[in-house]
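Each of the next two complexes has chain A plus one more chain, namely chain B in the first and chain C in the second.
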Partner chain A sequence: MIKFLLKGLMRDRSRSLFPVLTVFIGVFLAVFFYSFMNGVLEDMVRSTAHYQTGHLRIMTQAYAKEANQNPNDLAFIGVAKLLDVLNEKYPELIWTPRIKFGGLLDIPDEEGETKTQGPVSGMALDLFSSSSVEVRLLKVKEAIMRGRMPKEAGEILIADEFAKKLQVSPGDTATLISSTMYGSMAMTNYKIAGTVQFGVSAMDRGTIFADISDIQVALDMPDTAGEILGFFPDDIYHEKQAPMVAAAFNQEFKDSDNPFSPQMGTLPEESGLTDYLGLIDSMSIIIIVIFVLAMSIVLWNAGLMGSLRRYGEIGVRMAIGEARGHIYKTLILESVSIGIFGSVLGTLAGVAVSYLMQMYGLNFGFLFKNSALMISSVYRAQVTVGSFVIGFAPGIISTVLGTAIAGIGIYKRQTSQLFKELEV
Partner chain B sequence: MKYTNITLLLILPALLFSQAPSAQEIIKRVDKNILSDSKIVVSKMIIHGRRGQRTVEAKSWQRNIDQSFTEYLAPAREKGTKMLKLGDKLWTYSPATDRIILISGHMLRQSVMGSDLSYEDMMEDPFLQNMYEAKIAGSDTVSDRPVWILDLKAKIKEIAYDARKIWVDQERFIILKENLYAKSGTLLKQITLGEVMQVEGRWIPKTALYKDALKEGTGTELIIDSISFNENIPDTIFSKASLRK
Partner chain C sequence: MVEGKLIQTEKLVKIYPMGSSQITALDQVNLVFQAAEFAGLVGPSGSGKTTLLNIIGSLDAPTSGSVEVLGGKIENLSHREAAALRNRSIGFIFQTYNLLPVYTAYENVEFPLLLLKIPAPQRKKMAMDALDWVGLADRAGSRPSQLSGGESQRVAIARAIVKKPELVLADEPTANLDAKNSHHIMKTMVHLNESLQTTFIFATHDEKVMRYLKRKISLDDGRVEKDEIIKPEVGK
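Right after this comes the complex of A and B.
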């Protein structure tokens, strides 16, 4: 019977083309939006972890209260010892110290006097060691636009856009004017090794990157860091394991009476992304519900129009003795076929476009010109197993639901009226 | 007799008020107390931070109101750092970088050596009568000294503190306490004098506590070790070349 129904559908385009197109468009949009939102939210989480909080972050309690101001006078002293403890107790994570700082970058002229200068934010991380997790996670080498990676003390990387604004190139000297952790003015000369672009507007506007050992000397912070970040080796935030590690650490090391004792927080706690992470979990359900509802209304309407057009056919089938339930069942089977066909086409098209978006992305940098958010300005989709599955639910449910509602009319027709109707 | 006493009681405040100098006269006397062609000051700042305290020592040469040269003497990390103010420009020199840097823009609001003083504080015209309209708000006692309380409101636009409340010693014409406010009315800084000393006939602070109201900590103590007025300071001191010497 299914073969018979399929033949009917293929021969009568008006019964298949519009519903298939509707399902195709709906499923395509559902797959694309799911993959796009997945990509954007995943990217937001990844960027936040890489540039701001890690998967876990350790700071002193006093520093944590003002973390957005990078209060290095409250930084953690005794980093080497704490790193040893962390590596011993939590070897499943990679631990790395960072210092964030602010100041002024001053470019000298030939006589050593100020040629140009601009406010700068800085990030000090492990750039020199060959096994540096920072270089790999932040894709520092890939971000280099001009010049090379810093190789020795006194060399820094500078955001490419910022370098152009200050009219400096690799090889030039720049003086960082900042504050030591004790508040004194700190002035240090650096050689610009290279320029970088990370695709994160907040960083590309005016950031420098230096090895942490250099900044510890410059800012009078020996064996000290503003924060120690922990990353899971697969670069994925493990929502069950991370809070357990944080709780165990805080239980052992956090001392409520000592503002300079360390405390550990998880990525959602540190970034305020708890709601966004919750949104990722419920996103697929939200998309399915929206598309099922919207497409059901469209397909119900299509079913009604189809029923009207097939008024005579259904009347004849009833007149020759076909049961109403059987007619209804065949219409549902037809809609399942249309739903599957449209869903397959829509999923393939949606995945293809999403994959292109994953590869190339769309640059929304113009929206982030003045943004301080550490998120990528290039939006990319992310194709996952869910992308292949998510379209089938709205694709099939909506066609069946639409046909089921439209087909109710079959039961309302009176057999006694049939011949009179067919005469018309 | 009874009526005479009542009349005296009623007119006494008016009589006293008529004897008090006007607000403008008070700030003129305050300015005169510090006015000199030049001065050389050796001072130290004890900065009480959230992680302990440290002491910064400096020697300053000042001429008129718009020329000043400061060399930091201690601690070792700051030794040799110099600052030069010429008019509305401020340069700093650090021996570690051998660079002369112009301090401008938002950097002027930054703390000097981690203290509760900002570069803007250093840049300000020290003469109140040039910058503020004053009115007497009352009288009080500070450190057992009778004082006038004056409210000052800025009469020029480009100014670090839009309003000040000062407590002026009625006899010595020295400010014993000062609150500095932003345009919004927010208290930004508090200055409280400790000891005062008389040098060459002028009353000047020996110790003062500066407290940035927006910062945690207990503030910065400023101690004047020595001060001499109207010294003959060579012109070469107030030049950029002297920063590298």
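Right after this comes the complex of A and C.
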């Protein structure tokens, strides 16, 4: 019987092609959207971890209160000792200190007079040590556009766009005008080793990158850092483990009465992404519900049209002695095959396109020109197990649901009218 | 196959409501059909021929009176039981053939056997035999759209008889056919009636059909006017 039904399906395009196409398109869109959102999300989380908060972040309580203003006068003193403790207690994480600072970058001409000048936000991190986790995580080497990596004290990197704006090139000198931890003015000359572009709009504008030891000297911050970041070695935020580490750390080191005692926060806490992630979760559910409803309605109508066209056929089958329940079952069976077929194709196509987008990305940087979000300007989808599941079940459910509603008409059919219907 | 009485109607009445009034389509019909009959219902349009076939074929229920088909009372059957009765024991032939367009001649004939869950090898043999009886074994792979009207009706006959039912009901089977094809299919059915002992009941105005009948029941206004055993005018 199933073979018989499938033959009918294959031969009658209007019975198979339109529903399969509908399911295909619906499933394709669902899979693609899902993977796309996943990709954007994943990317946002990763960028935020890399450039802003780490998977875990330690600051003094005082610093934390005004963290976005880089209050280096409130930075944590005693980094080396704390790092030793961290490495001993939490060796499963990689700990690395950073200093964020603001200031003015001044580019002198041959005479030493100001040629160009601009406000700068700087990030000091471990660039020099050969085992630097920062260089690896941030892909600093890959981000270099012109010039080379800084090799020795006094060398910095500058965002490529910024360099163009200030008309400086690798090899030129730049003067950082900032203030020390204790509030006096700091002026330091650096040699620009290279220019970088990370593909994250917020990092690619007015930014310089220096080794932390250089900045500690320049801003009078020996053994001091604004923040110490912790990363899981696989570069993935572990949502179970991270809060446990933070809680244990705070239990031991955080002293509510001492604003200069360190406190540790997790990526979601530090970034405020928690609500955002929840929003995206519920959005996925809404998308799927709408998708199932809309597709069910389309397929229901297709089913109605189909059963109108097949009115005669169904009548003959009833006359031949097929029970109404059996006909209904065969219609459902047909729809299951259509659902499976359309969903498999839709899922494969959706995953394939998403995968291409994962590999090659799509540049939407122009959209984020002025954005402070840590979001890459190149969009990549992310294919996960969910990508395979997300469209499949809804695809089949909506096909069957649509047919099930449309097929109810069979039960309204009066057998007594069959002869008359069939005679016309 | 079945000996003796196959169908019995007693005081069969069918009334259709028509707005405020009613139409009496069948009025006190008492008829008995024996196994292996070759009978026709004749009469003017609206006389109740189709209505009577419907009720005998368990597609419709009587308003009052009783109809016994193969030992079961039609008026007591549920939808499912009626479908099972049609599936097992009754073949239908329609004026407009009503083949399933997406299936080949062979598959159309095979369909009732699929419903009966007959195993594949046996099914194939039965379907090919039926096509053979109507002389269309060589057209097994053709679709209805590739068949002439006469051929289509012969496939429909094969589909009606493939399961060797006790009863075949044919409502105006020749209405859409020319003389040559009409005679051809009537001869086919006479032959099946005699070789398989299948009971045939026709509803017809067609003189050509009447010439083959062995019993002619004249209906008028829902009543049986005449019920005569006749010697078929046409030989076998």
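Quick notes on this structure:
Basically, the second predicted complex is superposed on the first by the 415 of 424 C-alpha atoms of A that agree within 3 Å, B and C clash if a C-alpha of one lies under 4 Å from a C-alpha of the other, contacts with A are read in each partner's own complex, and residues count from 1 in each chain.
Here, a contact is a pair of C-beta atoms (placed from the backbone, for glycine too) under 8 Å apart; a residue touches a chain by one contact, two chains touch by 3 or more.
These numbers were taken from a predicted model, which means no experiment stands behind them.
The superposed arrangement places chain B and chain C next to each other on chain A without a clash.
By the touch criterion defined above, A:Pro108 lies against chain B but remains apart from chain C after alignment on the C-alpha atoms of chain A. Using CA centres, the angle subtended at chain A by chain B and chain C is 150 degrees, rounded to a multiple of 10. Once chain A of one complex is fitted onto chain A of the other, the partner contacts of A:Asp12 are limited to chain C, with no touch recorded for chain B. Once chain A of one complex is fitted onto chain A of the other, the partner contacts of A:Asp234 are absent, as it touches neither chain B nor chain C.
Contacts of A:Leu74 after superposition: chain B is touched, whereas chain C is not reached. Judged by the touch definition given at the top, the superposed model places A:Thr175 against chain B, while chain C stays out of reach. Contact with chain C, but none with chain B, is seen for A:Ala319 once the two complexes are overlaid on the shared chain.
In the composite built from the two structures, the nearest CA pair linking chain B and chain C is 81 Å apart.
Put simply, chain A touches chain B in their complex at residues 62, 73-74, 104, 106, 108, 112-114, 117, 119, 175, 177, 179-185, 187-189, 220, 260.
In the complex of the two chains, the chain C residues touching chain A come out as 50, 53-54, 57, 59-61, 79-80, 82-88, 90, 92, 94-96, 98, 100-103, 107, 110-112, 114-115, 159, 171-172. On chain B, the positions that touch chain A within their shared complex are 47, 49-51, 54, 56, 77-78, 81, 92, 94, 96-102, 104-107, 110-115.
Against chain C, in their complex, chain A makes its touches with residues 1, 4, 7-8, 11-12, 15, 312-313, 315-326, 415-416, 418-420, 422-424.
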